[in-house]
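Two complexes, one shared chain (subunit A), two partners (subunit B, subunit C).
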Partner chain A sequence: MKIKFFFFTFIYLLSFFNFSYADNSEKVDQISKNLRCLICQGQSVYDSQSDFALSMKILIQNKIDEGKNDEQIYNFLKSKYGEWIVYDPEINKNTLLLWVLPLILFVFGGILIFRKVSIK
Partner chain B sequence: MLNQIGNYSLYIALLSSILIIIQSPILLNTNNINVSGRIFSLISIQSLMIIISFIALITAFIISDFSNETVFNNSHTSKPLFYKISGTWGNHEGSLLLWLLVLSIFLFIFTITSKNLSNKYRILTLFFQEIIILGFLLFILLTSNPFMNLFPVPKEGTGLNPILQDPALAIHPPILYLGYVGTSIIFSSSLAALISGSVNKTWAKHIKNWVLISWIFLSIGILLGSIWAYYELGWGGFWFWDPVENVSLMPWFCLTALFHTILILEKREIFHSWAVILSITTFSLSMSGTFLVRSGILNSIHTFANDPSRGVFILCFLFILITLSIFIYFIYQNKIKNNFIKTFIVSKETAVLVNNLFMMFFLSVVLIGTIYPIFLEVVNNDKISVGPPFYHKLIVPFMIPFLIFMAIGPNLNWIKDKIDKINLQQLLFFILSIIISFIFLKRVGISYLFSLPLFIASIFLFLITIKDFSVKKTNLSQKISHFGFSLFILSILVNGVLAKEYSSNMKVGDERKFLNKTIKFESLEVNESKNYQSLEANFKISDKNNSINLKPEVRVYDQPQTITSEADIKSTLYSDNFLVFNILKNDGFYNVRYQIKPFMIWIWISVILISFGGVLSIVKKND
Partner chain C sequence: MIKNIKLIALVFLIIISFFILLKGLNKTNNYSPNLNSSNIDFNFKAKFLYSNEETTLNELINDKDFSLINIWASWCLPCRDEHPYLLNLNSLGKLNIIGINYKDSEVNAKKFIKEFGNPYSKIVVDPTGVNSIELGAYGVPETLLINNKTQTILKKYIGPLDNEKFAELKKIIKNEN
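Our next item is the complex of A and B:
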């Protein structure tokens, strides 16, 4: 844990000397692909060039520079903008059916078919 | 003047619709040819009237008749002729008129091509189809009349959303609608067959063509939408699991399942009820799609109508249709022949059932993913987004067995195949695909959880479908479609794994290194076009051996004022070079996004192959 902390501070300090947009932008891309651009019509933050999306990307960049990991960043954004912002809904009591219902249907259909076929 | 013509012809069409609906139950039990003749002339009049009203609307768009409210809201004199015409269906009112047009033309075609079938079946199909037509006519006349008068007549219109001014998008809606509306015939005829007790071989044979036609148009329609999204929306992707995209994919899954079921029904006289259920579901999904898109419930690029009263109307209409069909199904289902014998586990019949199971699973993932957020928001006011990660997580693991089944299934025999004989050839291909995938992924350096099995399964399918061309057992159209599908999956995978992207802020004269390439922002010039100004950039992408120039544009449309960025794409058989740029707030800098997308063109080609298999199947049968 301590090593991690030092490592991140090191990166953080480094980022002051070597600040540019292109740096770890791959990480920003990866995260922003999973975020909804809230003011756009069905676009991700990554795809959008709106002011919101641009400031969002800078925000993510800053969070990465602060040494936050993916989960911390998602959680931060969720607490600020709500679940609406992430394209990958987490599994909780609200979304359980969303994740499980297709699987139940698949199993159910499978059983139905199995009863229709004979093995002999 | 045009408005009057349009309005009156729609009212005459409404009248014919009511007349047909009233008359057809009376005619059910008579075999009088004169009476069918009368219904036929009513249908002809109706189609003619709807065609006239559609021509009236197109004409209003062409001559920019701003006394028409729809034209005023969606057109502008400076627009090129092609987009004036496509503007006809680039809006809510016009697109519904197009739906109606296709509905009535399809019914007309159905009437003249079904002469050798039983009178009862034909009249019942007409009856149900007329109910749908009546619903759409009322919807158009009551809530979305495209022929509203505007007085005083404005001098200039407000223009068409520039993002819609594009060749692919101009023909995308009509093609897609042909697919959607084709399912209405399947729906009506399956209910008719159910009531007249003729869900059988003959029906399967007859409806198969309609299933294929809808399926082909739907496939091409979806393809056009994807191609458009790829080059116009400026992010280099072709599918985003956007609700409106999903809505077109759902009937596609259903149609694919239905087509395979119909084949079995035709050959073996089993799965009658399932075919009827699928027919009803397919159309319900097409209708719900229209409802979801038109009602503005979905948060999407495509929603250009946000009027709640319209949504309520379609919702009620949809509810009535679905309830009606469920009632009819339960009342008449005992009429369905039940000569079901258990099929052997290793047989073509089971293979089709497995295909259906997967299709229904994919359908349910997409359906639930699309409507669950709406549902949740209504129930407890929580807003969630369901996007690409959700769909990938649920679909990808199931894709693996699906692809393997798809490779094995078509080679099985009807009724019963040998279970004990291990197919040495298939085993060999499987081992070969393991080796290829392993080496490929090793070289690329990808090690996601599912990537190896997914690659193995899709390469296996690819090899088997190629090998199948040498086998005489199955027909050519199937081979082409299945090969197309394997190519489709493989291209997507390779594209996904090998795609490279670079994004940076640059100003004129800047140079950036990316991989082994140099990206140089050479120049920027302003051009004037008829209805927009454009900033055309010139980028030179060069590596050791050669260089290409990419000229993306940023367009500033004046009516309505909108900025769009047009990507420049250089396609080769191996890969696409994709470059798009955007204006940034700080002076002189532009956001540049450069992508290398391997095998992109094969994604399009494979969809065309898939559809071509369908076309071939229709053509061949009529020989």
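Our next item is the complex of A and C:
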């Protein structure tokens, strides 16, 4: 019984080494989750293990080490790869419909429900 | 009557979807950013393949009119297909061809050059892939035509060079002279 207990604690403590070996800083994870992996289909840079995504994570770490803030990193990548790389598109004339359409649908749906209720 | 309208609407919808999907077939999946927005940073640092010295892109670009930056790796099969085109372009003598060796081992890279010939005037290594991202690249192989005087990207080819791209490159070099 004592051996079992000792063994269990040993394995339990061993699992903590994972945290110390996880070298990606939280900041890199945070930023890479907002970036689209351009050569993968439907994955973020954070999720992907492709060469492109791995390099991108190193680059982000480098930029953080240089003292760049999130905004500067996003802008840098946008200038290289275009608006497409970020998941959160800016509002401009190309993306206006994307932003406004849900609102219109919401209002339209509200009107439908309102009319149905008031008829009853 | 209502049944008819439903049927007509359904057929109409299917026809519209068919044409939308048909149009989508011809579109390329690869998204590539506008060229005029992708200015290159000419100050990135990289090491040479054949020596341990560090250099910057500024130093690599020499007094010829155009530079061709080619990102390659020995493990990349399409790179073998496009290699003859690079050798051919080099023989024209108007291009300064710079190779960026992407995520490769030094031994394999040198073996590759020994086996297939060396079209590059200079080769730098990019073991982490960071330099390629600074250039706005997606992976291997990728080729960028740069105007040395204005320091802008004239043309960007994602994927291996082929007859069509080769002809286009030749035309651009001729016209701009």
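As a convention for this text, the second predicted complex is superposed on the first by the 94 of 120 C-alpha atoms of A that agree within 3 Å, B and C clash if a C-alpha of one lies under 4 Å from a C-alpha of the other, contacts with A are read in each partner's own complex, and residues count from 1 in each chain.
The definition used in the following text is that a contact is a pair of C-beta atoms (placed from the backbone, for glycine too) under 8 Å apart; a residue touches a chain by one contact, two chains touch by 3 or more.
Keep in mind it's a predicted model, so treat the numbers as computed, not measured.
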item: Overlay on subunit A: subunit C relative to subunit B, clash or fit; value: clash
item: Winner by number of subunit A residues touched, once subunit B and subunit C are compared; value: B
item: Partner chain(s) touched by A:Leu59 [first = subunit B, second = subunit C, both, neither]; value: second
item: First (subunit B), second (subunit C), both or neither touched by A:Ile39; value: second
item: Partner chain in contact with A:Gly82 - subunit B first, subunit C second, else both or neither; value: both
item: Partner chain in contact with A:Lys116 - subunit B first, subunit C second, else both or neither; value: first
item: Clash-bearing segment of subunit B, relative to subunit C, as chosen among 59-67, 95-103, 167-175 or 311-319; value: 311-319
item: Footprint overlap on subunit A, comparing subunit B with subunit C; value: 51, 54, 82, 84
item: Subunit A partner contacts - residues on subunit B that touch it in the complex; value: 233-235, 237, 240, 242-244, 298-301, 303, 340, 342-345, 350, 353-354, 357, 360-361, 364-365, 368-369, 372, 376, 380, 382-390, 393-394, 398, 501, 503-505, 565, 582, 584-585, 591
item: Residues on subunit A engaged by subunit C in the complex (per definition of touch); value: 38-39, 51-52, 54-56, 58-59, 62, 79-82, 84
item: In the complex, subunit A residues that touch subunit B; value: 21-22, 25, 29, 33-34, 36, 41-44, 46-47, 49, 51, 54, 82-89, 94-95, 97-99, 101-103, 105-106, 109-110, 113, 116-119
item: Complex contacts: residues of subunit C adjacent to subunit A; value: 31-34, 37-39, 102-103, 128-130, 132-136, 138-139
